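After this come two complexes, each holding subunit A, first together with subunit B and then together with subunit C.
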Partner chain A sequence: MYWLEKNRVRELVEKLSREYAVFGPRYDEVSEEVIFDRLADPGQLNLQAPISYNPPKYILFPHYEEILKYTYDRKSKQVAIEKFSKIQPKALVGIRSCDLTGILCLDRFFLGQEFVDEFYLEHRKKLFLISSTCVRPFPQCFCVCTDSGPAAREGFDLDLTFTGEGYLVLAGSRKGQKLVDELKLEPAGKEASSLRKKIIGESISSFDKFALENKAWISRATNRLTTGFVKPEVWEYIGNQCFECGACSFVCPTCSCFNVEDVNRIPQTDRVRTWDSCSFEGYTKMAGDHNPRKPVEDRRNKRFFCKLSYSQSKKYLRPGCVGCGRCARVCPGDIGLPNVVTYIRREITGEEDR
Partner chain B sequence: MNNQLLPIVTVPEVATVVEIRDEIPEVKTFFFTFDRPEIEEAFRIRSGQFIMCTVFGAGEFAVSLPFSPENDRKHISVRKVGKVTAALHALEPGDKIGIRGPFGNGFPFEEIKGKNVVYVAGGIGLIPLRSSIVHVLQHRQEFGRVILVYGARSSRDLMYKESIREWKATSGFETYFTIDRPEPGWSGEVGFVNQLVARIDLPVEHTVAFVCGPPVMFNSVIKELKIKGIKEQNIYSTLERHMKCGIGKCQHCAIGRTLVCVDGPVYTYRQIKTLGEQI
Partner chain C sequence: MSYERGLCNFCGTGCGHLLLVEDNRPRGVYPLPGHPLSRGRLCVRGWHIHELLQTPERITEPLVRDGNGFRQVSYQEALAFTAEKLRKFAGEEIAFLGSPRVSNEENYLFGKFARAVMKSNNLSLSSDAGLEESAEVLLAGCGWPAMTASLSGLREADFILVAGGDLTRQNPIIASEIHLARRAGAFVVTISPRKTQMAKLSRMHLRPEPGTAFYLLLGIARMMLDEGLVEREFVESRIENASEYMDYLLSLNIGEIFELTGVDSQEAATVARRLAEANSAYGFYTVGIQSLDRRTIAALFNLFLQAGKVGRNKGGICPVTGISNLLGSLDMGISPRFLPGYLPAEDESSWKKLEELWRTSLVPREGKSVASCLLDNPELKALVVVDHDEEIIRNTNRIKQLELVVYFGSYENAFSRLAHVIFPRTTYIEDDGTFTSSERRVQLSRKKVEPPAGVRPLRETLSSLAVLLGHNWKYPSPEEVMKEINRVIPWYSEITYRKLEDRAGIKWPVDELHPEGSDFLKLEELSGKLSFVVEHPGPSSELPDLTSGEKFHFKLVVGRSNYFWHQNSIMKRTFIPRREYNALLLLYPKGFVEVSEEDARALGLREKQQVKIISEKAEVTLAVRISPDILPGMLYIPYFFDEMIPEFLHRQVAGLEKSEEFFLPVNLEKVV
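Take a look at the complex of A and B:
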């Protein structure tokens, strides 16, 4: 473990920005929300800011991405198809453990199944990831229930833990070690390991004090969802609450459904993929208007099935929910994942109120 | 299989439409060959698989493959039903299309050798079954009884009339045809496919059934087959869903815990029952 002084973070970012486009948590001037965004200046990085409004998912899985372009001249019958290749190296600084876990889920889903997604792979290969331990939770957090925080265990190039005076630095890859060497970071000393452990322990024990919005009975909910014992009335209730806005999918670090469309621009056509959400009615609609999933509750339970069922967890090698609590924050119908888990819990225990 | 090509995953391979045939109203068959000789040479499929077909300038759609894995011309049969298929129907011989695939699991072939095979199709449900029918007939002596029960709304809605003529000439291939309402000049059966299935003598032991057609037909046929005693795990069908990627990433084709593009499109009825969704 190494030691990075507080005032050297800027140097770290500057060093990265020579090779990478650097992204990190910063305050948005207009909305005053914390967003995970491109840093125009290293000084914008705010590692002490609360959890960002959006996860960094969009950086490696963009909202709107051109994947192919082609031209077809019907007269001469000439076709030219080309892959888009404008993917740049990017460094993500200050990723919270939940969001890093989200990226690992996406890795396993896009790269670890029967087929490899070439576009995701291209993004992923060029990423530099610096995670940051959450020294205290926020009201919506429940990563301790989903085993994805408050500190990262794997998948980072560098990991930072703030002690008050500076950062304990873990190198998780050769790339990370190289950066440590270039910055000539000093070893953090014998006590560093136990200090990091202590900070994480304090963070976990402060969940009862700070993380008051959500508690999630993940393992029991997983059991119920997998065995199909959640009563239709529960899904109907959840369905009735759903506005079909798709916000939950868009702020979720692991939601990765996309649509593909060919967009005509003269003279070429671009094949683009865009984020999609299973809550939209048109999601499963086939040509000829046959739609196998109609009622909204039928679509809603698919999302929670995807997050928590055992069969889907096999693809991620963990639950699909990482406990960031963003869906609960954005949902206008109050059916973020923690609430859904609560409804399932109530059904099991017969509780009347929360 | 040597020199087997891996599926075309990302960038479509360009193919030329060499012939277009009118099948039934709104359905045309498009014969195609790949422009690159090495792809044309190496492209292999299993019965029951599907491809993603690009109509340049319009988009891409998933379509089942009706040709046999052996000695058959490459083609797709497509009903004009939406934006992209309408653009496909507007093509002429010589036009180019893009192909990705083949994707999906396909119908069992080696596993069912020696068994009786019953095909039950309704309307354009014959399209995905055609590949398996032709393949089984090419290996006729390796199977038991082979039976086709095929129904359509009217005689002009029966697919693949030319192929059917050939199949009828194959010895040991039992065929039954039905249309919904009587028609002058029609000598086959009249009524729905499930009623015909109920009437005819079908083998039950050592038998697999392949069923494909509209949901109403599918459910009523399954009922009859089960009454006859054919086991749920021996009844196969192929499902269709809205698909965008074909490789298990976009998730549009999720049914229950499975994705039709990689876990399907061929399922046994026993599997379909546990998926917990409408067909």
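Take a look at the complex of A and C:
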């Protein structure tokens, strides 16, 4: 473990920005909220800021991404197909362990199955990841219930833990080690490891004090969901509150569904990949108006199944939910994942509706 | 690539967003956290605005009609051509169709161009359903033309009444606020014949027969009187015509009213009690794409007035606009009835005032809306249109007869194809501009990308035309236009770009008295007295009676806000919303009629079976769609099938009301 002085963060970012487009948490001036954004200036980076409103998912799985283009030549009657490749190297500085876990889930979906997604792979290969331990949780958090925080265990190039005076730095890859060497970081000393553990321990024990928005009952809900014990009335209650906006999927660090469209920009046609969501009726619609998940509650049911059931966990090797709490904040209904867990709990405990 | 603060341009909620811009193109969107109303949420439309904003289907060059097609020309040629033609027309020969989706600055200039340059008062909006009526009712009743409340305080509400179209579809984020208010303890009641999602999220759903919401509201008002819940002292001291109105309510036969509406009187009594008890009560109705009719709006206003819920620091009357700058467009005077700032066009003094401000002579002639010009003004020869994104264009044949149709727009569509000359126009992210949401919140949207080469803002094109027509127009920036608006419209007098720069909007009136804007209508600031608005019977009462009659067995209701959004014209340029909204078009390419489950069972109808809908004057064949959401005896057709609407509906209902209260008595027959 190494030691990074507080005032050397800027140097770190500047060094990265020679090779990478650097992204990190910054404050929006008007809303005073935190956005994970491209940093126009290293000074915008705020590692002490609360968890960003948006996850960094869009950086490697963009909202809207051209993947290939084709042109048809009338004379020769030939179609020329060309892959888009404008993917630039990017560094993500200060990502939270929940979001890093999200990226590891995306890896398993895009890279760990029969077909490897070339575009995602290219983004992924060019990524430099610096995670940052949450020294205290935020009101929306429940990563301790989903085994994804408050500190990263794997997947980072560098990991930072703030001690108050500076950062304890873990190198998680050769790329990371190289940067440590270039910055000539000093070893953090023998106590470093136990200090990091202590900081994480304190963070975990302060969930009761700070993470007040959500009290999830994840393991029990997982059991209920997997065994199909959630009653249809509960799903209907949840479904009635779904505005079918797709936001929960768009803000989820692990949601990976996408749509593919061709856009005619004469003379060439672009094939575009965009985000999609299982909350939309058109997502599962088949020819002839057949839809295995027509009622909205069936679609909601599907999403929570995907996030919490055992069978889905086999795909991600962990729960599909990383406990960031973002879906609860963007939901026009009141059915973010923590609330759904609450509704399922209510069914078990017999609590009354509000 | 970075996120830039901005606002959504679809409905009249005015949600804040972050637009991801890369290489001069919007590449994504994220809800703006901390926005005072949307608070980090967007609906399905808002989540995909970047798809619309980077569509390749833009108009990028001026075009002039050439036979059946168009010829690309230079701006200079198009301007000269248009100015030359415009010079020929007198004010009454030309009409102006504004867009509720363009900025205040653009609308202001468009109105000024019509009135000051072309001396025409034939000026209206494309989707003004109900907004003018609503403004007139509210002006008559309390002197304010728009929402008397503010939505940021909604979560503290005790009572919320929602009437009209489905807010969860038209303005989802406002519906979300109502839903969250309910979860925080508010009593939410929805009045709608359809079982909408809003209804499902309400504590109580009153389902009046189509066309009877007006009577239901009167019934609730009467219940309130009967139960002794009216604050007599307040009502009689503050409200001009209180005793006449109370007498009118008492003269009603309450038993007949509830029989007519089909609503249980005990439920209505509960609503009356909850409203009377509420410390903070809000009454919502939709205007814009789908609206209530005038007298129903008046009845809703009167009910709240009588309960003493108007002009309080909490709650009030909330018309919700269906399109981004619908309210702002009316503020700017895009209306034959109102000059900028709601000066009534019928008063000569309004024109005098405007003449002084604009330093030009005006013709103080009452104008007409574009729709009525097209219907019954044989003198009409020319039409000037901004971004008309409705797919179903009424009176197409009349438009085709006109000598000149000028179209300013960003995207090619059904209306642009009728034009003689087309000018490209920047989209709202290609120039600065302010937009006024339902709650009077004026927000500044900054320029975020450069327009395609050669595309000019409407401001520039109109200025060039005005100059060619001999007017000295100089508007180098939208900010300069706002400075003029400050002088012309008192409620906008203290709105500056600097003020708007670092906050998510400011609610008018923004004047010397309220430099930081106004959250609520304050009774103590009212110049006149409050009054009940007693409306002459509206269009729906022109129907023979409020049952479907003996000859016909069904009430056919035309809907505009379910299943699709604004005829899908702009949704077509997105991916996901298009897929979601168009799904029904694929399944029912020639339209459908919704039949209740009960009626379908009784008549032995199957899903997608062809049936004939027969009215007094016309008939149409449609596929059946069995719906659990409508009442027995009611049929529902959506207003977005271009083939069926003009053929069936427009033929028989000349001034087809966009109101939800409208219904047509029909019969249904199986096609054998």
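Just so we're on the same page, the second predicted complex is superposed on the first by the 342 of 354 C-alpha atoms of A that agree within 3 Å, B and C clash if a C-alpha of one lies under 4 Å from a C-alpha of the other, contacts with A are read in each partner's own complex, and residues count from 1 in each chain.
Definition applied: a residue touches a chain if its C-beta (ideal position, glycine included) is under 8 Å from a C-beta of that chain, and two chains touch if they have at least 3 such contacts.
These numbers were taken from a predicted model, which means no experiment stands behind them.
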{"item": "Fit or clash between subunit C and subunit B when superposed on subunit A", "value": "fit"}
{"item": "Partner chain in contact with A:Asn264 - subunit B first, subunit C second, else both or neither", "value": "both"}
{"item": "First (subunit B), second (subunit C), both or neither touched by A:Lys285", "value": "both"}
{"item": "Superposed model, angle subtended at subunit A by subunit C and subunit B (C-alpha, nearest 10 degrees)", "value": "80"}
{"item": "A:Ala247 touches, of subunit B and subunit C: first, second, both or neither?", "value": "second"}
{"item": "Which of subunit B and subunit C A:Phe229 touches, first, second, both or neither", "value": "neither"}
{"item": "First (subunit B), second (subunit C), both or neither touched by A:Phe115", "value": "first"}
{"item": "First, second, both or neither for A:Phe210, with subunit B first and subunit C second", "value": "neither"}
{"item": "Which of subunit B and subunit C A:Asp276 touches, first, second, both or neither", "value": "both"}
{"item": "First (subunit B), second (subunit C), both or neither touched by A:Val79", "value": "first"}
{"item": "Partner chain in contact with A:Gln312 - subunit B first, subunit C second, else both or neither", "value": "first"}
{"item": "After superposition on chain A, the shortest CA separation from subunit B to subunit C (Å)", "value": "7"}
{"item": "Footprint overlap on subunit A, where subunit B in one structure and subunit C in the other make contact", "value": "259, 261, 264, 276, 285"}
{"item": "Subunit A-touching residues of subunit C, taken from the complex the two chains share", "value": "1-3, 5, 16, 18, 20, 27-35, 40-44, 46-47, 50-51, 54-56, 168, 172-173, 175-176, 179-180, 183, 197, 200-201, 502-504, 575-576, 579-580, 583, 587"}
{"item": "Subunit B-facing residues of subunit A, complex", "value": "67-68, 70, 72, 74, 77, 79, 81, 83, 109-110, 113-115, 117-119, 228, 256-262, 264, 269, 271, 273, 276, 278, 283-288, 292-293, 298, 302, 305-306, 309, 311-312"}
{"item": "Of subunit B, residues touching subunit A in the complex", "value": "9-12, 14, 16, 54, 56-61, 79, 81-85, 94-96, 98, 240-242, 244-245, 247-252, 254-255, 257, 262, 276-279"}
{"item": "For the subunit A and subunit C complex, residues of the former touching the latter", "value": "21, 28-33, 35, 37-38, 40, 53-54, 58, 62-64, 240-241, 243-247, 250, 259, 261, 263-266, 272, 274, 276-277, 280-282, 285, 289, 329-334, 354"}
